[in-house]
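Shared between the two complexes below is subunit A, which pairs with subunit B and subunit C, respectively.
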Partner chain A sequence: MKFSLARQALILAALALVPGMGEAVYFRHKISWQSPIPPSELATVAQARAWGENVIWADARPDEDFARDHVPGALSLNEDRWNELLPQFLAAWSPGKKIVVYCSSLSCNASREVARRLRKEAQIPDVFVLEGGWEAWLKSK
Partner chain B sequence: MKTHILAFTMSISVCFAARAELKFDKTELELHPTPADKQAVGHFTYQNTGKQPVHFKSVKASCGCTTAQSQKDEVPPGEKGEITATFNIGDRTGTQVKTVTVETDDAAKPSTVLTLRTIIPQQLEITPTFVFWKQGEKPDPKAITVKVGKEFTVNHIKVTSSSPDYQTKVEETGKGEFKIDVQPKDTNSISASTLTIQPEDSQKVFYATARITNAPTEPSAPVPPKGPVAPTTPAGQTH
Partner chain C sequence: MSGPSTLNVQLSTRPQFPWRIVDVIVAGIFIYAGAIKVLDPVQFANDIDNYKILPWPVSVALAFYLPWLEILCGLGLIFRFLYRGALSILTALILVFTLATVAAKVRGLDITCGCFGHASQHWSFPAHLLTNLAILAALLALCICERAETRLNRPA
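Up next, the complex of A and B:
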């Protein structure tokens, strides 16, 4: 009986594998992998707060969200108006300062993109993404 | 016994397949806007292939830069329609992947994720977009590299500085490659300039920033965080 059940389970698993393999082959170029942010590029609210005056907060959310509320002292830096906002943001930066970028929540992607562009395009070091984003900030208040 | 379990499992699978009523022609679209486009619009067409009407519960985009809407709230059997997803390009670059989650009252498939992949053409790749000198530093020129995108031809670029305190010199370093030397007159005081970079015969404008900054800031004494003790820098920090 045990052998029979195991065999049935194997048959079912094999049957499930066929469409799975087909989908993997068919969509092989269409899977959008989102690799996790390396821990070295993440900062928690507690860590960012501990940096005190030495941190610049970058709000990567849309203008409306920033206007509604934001981390005290944060500067708006979103990709909708990147070319306009970046020079204003850079005016607040000086060597040695850390930048913490946040967007709405854990699942949003805007902070990651803004951080990437600051590192790669502007070549600014010490740029971090806030873990949990604005939601995490609100919870920590 | 064996036959019964197999038959039961397969019949369940067949039942679920039969109840999947709202069928999208494609759940992933790739868009190729032109450099002048402000938006990229994707049309996800569908048909209700079932025998019951399907009602939309919600249509939500993954970010504020994308809006999505259904033309109707109810889709009668056999009827076709589309979900329109509009991605606002803004100043974004490269490949942008945004998703739209469609929720319906279709019990077999209550949620469908539609993916909009937008390939934004990059006419010029500028690195870095920011050059700076510390106050009091020797005002040596700093270089900005400009590479023309593969699908574009640019023979000349024009660079303009918003401040007369910064001088720029453009040099062609290869086919589709330029070097911009930026030099401040002095670094005695804090100042900034926006550099406007424009390819010949193009309306598109690119930007870089040159700035004299404060001397490096001394790290302030860390304020102990509340709760569990956290390191002052993230673990494994390499910068």
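Up next, the complex of A and C:
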């Protein structure tokens, strides 16, 4: 094709929009454009506390942070030792119990990743990310 | 008789085989990377967001758009369709990916690159950087080769 380089690049860039938009429509219910975590998958400290015994806490922070301090009753479940920790975590979980995952703060990603993997790999539907993470827990104490 | 036009014809029809192999390998890498990300745009949006450079809605838009751009440009290299445009886009993409990776490292972010989905989840930073640089070198070589070819084929 005898187009100039810029025109060729523009044509390709425009062509890629078509399947991209189609995919965006196809996945519209699986991803939120507003926030990485859909509001339905977030839980506040107050909400999680209100669930009482019906909740199991997953600490997605590194081992050292977990060893230093954690939410009472929480189990460590981080991605560094995922294969090792997941079976222990699942042994403690029972169907019907909600899982609340937290990492250090509002800006960390670990809790989101762990929650996503729990849903995808362990097929557990009731997994929530603690809004504000460990920092929010400390503030609420 | 061998004038300049004969010389041009001879040069433009020189064996293209080695460069076509490079074309196909580079294209294959981008098509594979694109296809994996097309299958799981949610994961790719999260991977982009982990770099902490772009707002979430932009990460989502790119997660839907970039994989198709990679695939189309890869196909462009294989079938020599809009070839120069595909080469320049892929070169720009790999440059941006490499810079983002280095920037993430400098800022102390411990993240997965998201380049090849879960296959690249446990790549170390040097492995990631080396792969990107090797792809960049191959793309630059293809750019240079293509420019030389265009110049040779231009009528005197």
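Everything below uses one rule, namely that the second predicted complex is superposed on the first by the 106 of 141 C-alpha atoms of A that agree within 3 Å, B and C clash if a C-alpha of one lies under 4 Å from a C-alpha of the other, contacts with A are read in each partner's own complex, and residues count from 1 in each chain.
Note that a contact is a pair of C-beta atoms (placed from the backbone, for glycine too) under 8 Å apart; a residue touches a chain by one contact, two chains touch by 3 or more.
Just so we're clear, the structure is a prediction, and the values are computed from it rather than from any experiment.
Chemist: For A:67, using the defined touch cut-off, is the partner it touches subunit B, subunit C, both, or neither? Pick first, second, both or neither.
Modeler: neither
Chemist: Please indicate which partner A:36 is in contact with in the superposed arrangement: first for subunit B, second for subunit C, both, or neither.
Modeler: A:36 sits against subunit C, while subunit B stays out of touch.
Chemist: Have a look at where A:92 lands relative to subunit B and subunit C in the superposition and call it first, second, both or neither.
Modeler: Touch status of A:92: no partner.
Chemist: Once chain A of both complexes is superposed, is A:21 in touch with subunit B (first), subunit C (second), both, or neither?
Modeler: second
Chemist: Looking at A:109 after the superposition, I want to know if it touches subunit B, subunit C, both of them or none. Which is it: first, second, both, neither?
Modeler: both
Chemist: I want to verify the contact counts: of subunit B and subunit C, which reaches more residues of subunit A?
Modeler: B
Chemist: Just checking: does A:8 make contact with subunit B only, subunit C only, both, or neither of them? Give me first, second, both or neither.
Modeler: Both subunit B and subunit C are touched by A:8.
Chemist: Could you say whether A:83 touches subunit B, subunit C, both of them, or neither, answering first, second, both or neither?
Modeler: The first partner, subunit B, only.
Chemist: Just checking: does A:128 make contact with subunit B only, subunit C only, both, or neither of them? Give me first, second, both or neither.
Modeler: Once the two structures are laid over each other on A, A:128 reaches subunit B alone.
Chemist: Based on the A-chain superposition described above, do subunit B and subunit C contact any of the same residues on subunit A, and if so which?
Modeler: In subunit A, residues 7-8, 11-12, 30, 107, 109, 113 are touched by subunit B and also by subunit C.
Chemist: Could you pull out which subunit B residues touch subunit A in their complex?
Modeler: Counting only subunit B, the residues touching subunit A are 1-2, 5-6, 9, 28, 62-65, 88, 90-93, 97, 115, 117, 126-130, 132, 134, 192, 194, 207, 209, 211, 213-228, 230-239.
Chemist: Quick one: which bits of subunit A touch subunit B in the complex? Just the residue numbers, please.
Modeler: 4, 7-8, 11-12, 30, 32, 38-44, 46-47, 49-54, 61-62, 64-65, 78-84, 86-87, 90-91, 93-97, 107-110, 113, 117, 120-126, 128
Chemist: Inside the complex, what are the residues of subunit A that reach subunit C?
Modeler: My answer: residues 1, 3, 5-13, 15-17, 19-21, 23-24, 27, 30-31, 33-36, 107, 109, 112-113, 116.
Chemist: Within the complex, which stretch of subunit C touches subunit A?
Modeler: 38, 41-43, 45-46, 49-50, 52, 56-57, 59-61, 63-65, 67-69, 71-73, 76, 81-86, 88-89, 111
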